[in-house]
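Letters are used for the chains, namely A, B, C and D, taken in the order the chains are written, and counting of residues starts over at 1 for each.
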């Protein structure tokens, strides 16, 4: 298991300072970078996947053919607003995070 | 394209895009980064049987802060100017070990990934060497048109008229960047590699299929990917994809392939949108006057026409016939 | 330890002759060293090569300053440098020349023993080329006894492959035709 | 090739790479390294060595390709000299930090300007602090042996560090001399197939070459420094094993007639042989002089060196390079600072010689011996560039 924080004894540094756990930035939550969050209006959503495709974080999850929408993972969403801007039905609105 | 490579190459459709990402979230790219978006989609398209080599740069830094990595494929970074050389070594090592029976006899995609500085400037020699030697790998240039990682300095890939921190428009020199963008795809084509292509993340399926084709093609391939940088371009972050679309629609960045020397236009732009639509979203072009914009537009249209003419000249006879 | 200095011009095989001698000596169980005068000299420029042969391990990486034997592959080199420089008083000069010994001694004032052979002539007849290195080895081996004449056969055949027989013949002729003087 | 053969040392080195069954050779030609890579490309072209020969477009790319190949898990070799090594400089640091067991032969040559193709140690001294294991050979047999050993040492799971085998350019690389070649099966016993514990493998994805923030950088440096220091014990074990199999002994520090010596000269590389002959001649003249040869330059064998010079009154250290601006050469500085902490320390004097192919002779060592006595007698402390025309 990769350590999450970088503070460690030199004896604990993995050989070559390599990181053995693939995709381990999932332990680093970028959601707190966000000053606005996307809110989806499921009434308008046509399940076209553009938010899922164009999210630079890859933080939209396909909820499947039953639910027919994509759900944002706020642990990682940085609030860039691409999903809202690219949505062909204007189904996503960016709203400020509460201060 | 050889017949064998054609057979291996399965075109991806909107329905067959894999759910899995090979680049995990939690990376530290800027809000709205078009480069990391392009990279994520490219990695999704190539899938897990891949080894990635990164040059120093934004994508390397944001994905690999110890003790975490965003990479779900084996990944190595060595330095700035040598991604192509490192990938050459990975490829040679794999080839030798496969031949000697030490690893399974299957094809592993080997990617070298660098920014425009790591490609068109400091990494050009290593890239030229690797393309000329014909290693079986794909070189991806993620072009955000300046040295963004170090703070938006100009590169040879910075477009004419763009403001960067080392091409500032001043009282005596008001233009900003005074040189025209280096034509990297043409340099790659000059190496007679089997596959060269340009791509934009706004045309995601086109881009994802190009990387798949590049991987399927035996030998060296070069992919030049437009990578919007809201931070470096002084642009609102939500406009990354739109700018990646406009750059194609304005003929600034033509999408094409060069397959075994034959030019194919991926997207014909017969009625280009006004250049101004593309420029006005980006603060880096704010200082340009209308006259300069018109000059730039004329030159970019001429560049586009060159590619279009090459594609037309190379088109198969039946296609030309059909046109008549 | 016997130290040999070979004078020639770039392309005449001075280095090769030192190498072949060293290989032959080593195969005969001796210790030997062969090395060129390291430099950027191109074809035609005067060059030297060095050879050391001993019965025990050679622990010396200097150039050869006081040779026991000097070999001259190309007589024209004698006009541009003192080939006998540093040559020990009881040393030996092995020279490619068709001229009389007295002539040579008079012109160059060599004080040491000389072994003369018309290597250029033999080379043209046997090899069809004015390359005198293997020819001169025949003279060197005969005049010095550094190795047995048979010892050269292995290195010659490995180096020259299909033309080894012709080189061997050139070597043999020089071995027989060499003229000792002094 | 087996048994005792007369062969050019560069070719003997290539034969060692062949017997080591290297997987990848990435190299760029530079004098005087060329014969090594020419012969390797012949061996590959003839199918005698089943390897990929990558004819890169520069030494920078040579070392970069080596990192890639080694990270992929392949046994990897390259060779260079001088400017070529300097061009590799940036990448040299990265190999040990990423624990990649590359073997590099350096046919040592001077650095420009003026351009010089001839031998000295300026090239490798510029790479002293890159974190590589650095070994020096004195003759052709050692070049062959050290090259084989280098793979074994580098790839030892306890080591996993790159190794540079140094051989003097021309002075050693271009000499034909006797070399004993072992049987292949003995080599295979000494050097098994390389099976790295970690490598770039899609079945087990890992990331190499990370971004190190200040909170971790110091610790990573400490970890690689300790790996280098700890490699000494493993190297010595490998040498013991080598001796048992092949009958030739290697030590981090090697001595010659030092037992009762009051003056000890220190040298590295092939000129040590000339120095030994000079010692013989001085001994014949009744001088109590001995020689210490540094085989293992990095990691520096502190304890072995101190033991080797114990009892000496004066030490004359020879350098084949200079450290401009410091009045000292790198080997001299190393040794003087090492011995400074001794309660009863000898006088240590530094001399540089043999720069840019200037011939290193027995007379040089005799002169250095004499100068050591003068300096000590007169209480002077002066670094000297031997043979410089005033």
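Just so it is clear, contacts are C-beta pairs under 8 Å (C-beta built on N, C-alpha and C of every residue); 3 or more make two chains touch, one makes a residue touch a chain.
Every value quoted in this text rests on a predicted model; they were computed, and no experiment measured them.
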{"item": "Chains contacting each of chain A and chain D, listed by label", "value": "B"}
{"item": "Chain-chain pair with the highest tally of contacting C-beta pairs", "value": "B-D"}
{"item": "Label of the chain whose CA centroid is most distant from the centroid of chain C", "value": "A"}
{"item": "Distance between the centres, which are taken as Cα means, of chain B and chain A, whole angstrom", "value": "24"}
{"item": "Cα-centroid distance, chain C relative to chain D, in whole angstrom", "value": "35"}
{"item": "Centroid distance [mean C-alpha coordinates] between chain C and chain A, Å", "value": "80"}
{"item": "Between chain C and chain B, distance of the C-alpha-averaged centres to the nearest whole Å", "value": "63"}
{"item": "Shared interface positions of chain C, touching two or more other chains", "value": "none"}
{"item": "Multi-partner residues of chain D (each touching 2 or more other chains)", "value": "98, 205-208, 210, 212-213, 216, 220"}
{"item": "Per-residue multi-chain contacts in chain A, two or more chains", "value": "6, 8, 17, 19, 21-22"}
{"item": "Set of all touching chain pairs, with the criterion as stated earlier", "value": "A-B, A-D, B-D, C-D"}
{"item": "Chain B - residues contacting chain D, complex", "value": "48-51, 53-54, 60-61, 64-67, 69, 71-79, 81-82, 84-97, 99-100, 102-103, 108, 125-126, 128-130, 132-133"}
{"item": "Chain B - residues contacting chain A, complex", "value": "14, 17, 19, 21, 23-29, 31-34, 36-37, 40-41, 63-73, 201, 204, 230, 236-242"}
{"item": "Chain D residues touching chain C - in the complex, by the definition given at the top", "value": "4-8, 32, 117-118, 168, 170-172, 174-178, 270-271, 273-274, 276-277, 357, 359-362"}
{"item": "Interfacial residue positions of chain A with respect to chain B in the complex", "value": "2-6, 8, 14, 17, 19, 21-30, 33, 49, 53-59, 62, 73, 75-76, 78-82, 84-86, 94"}
{"item": "Chain B partner contacts - residues on chain D that touch it in the complex", "value": "23-24, 26, 50-52, 54-58, 60-62, 64-74, 76, 90-91, 94, 98, 193, 195, 200-202, 204-213, 216, 220"}
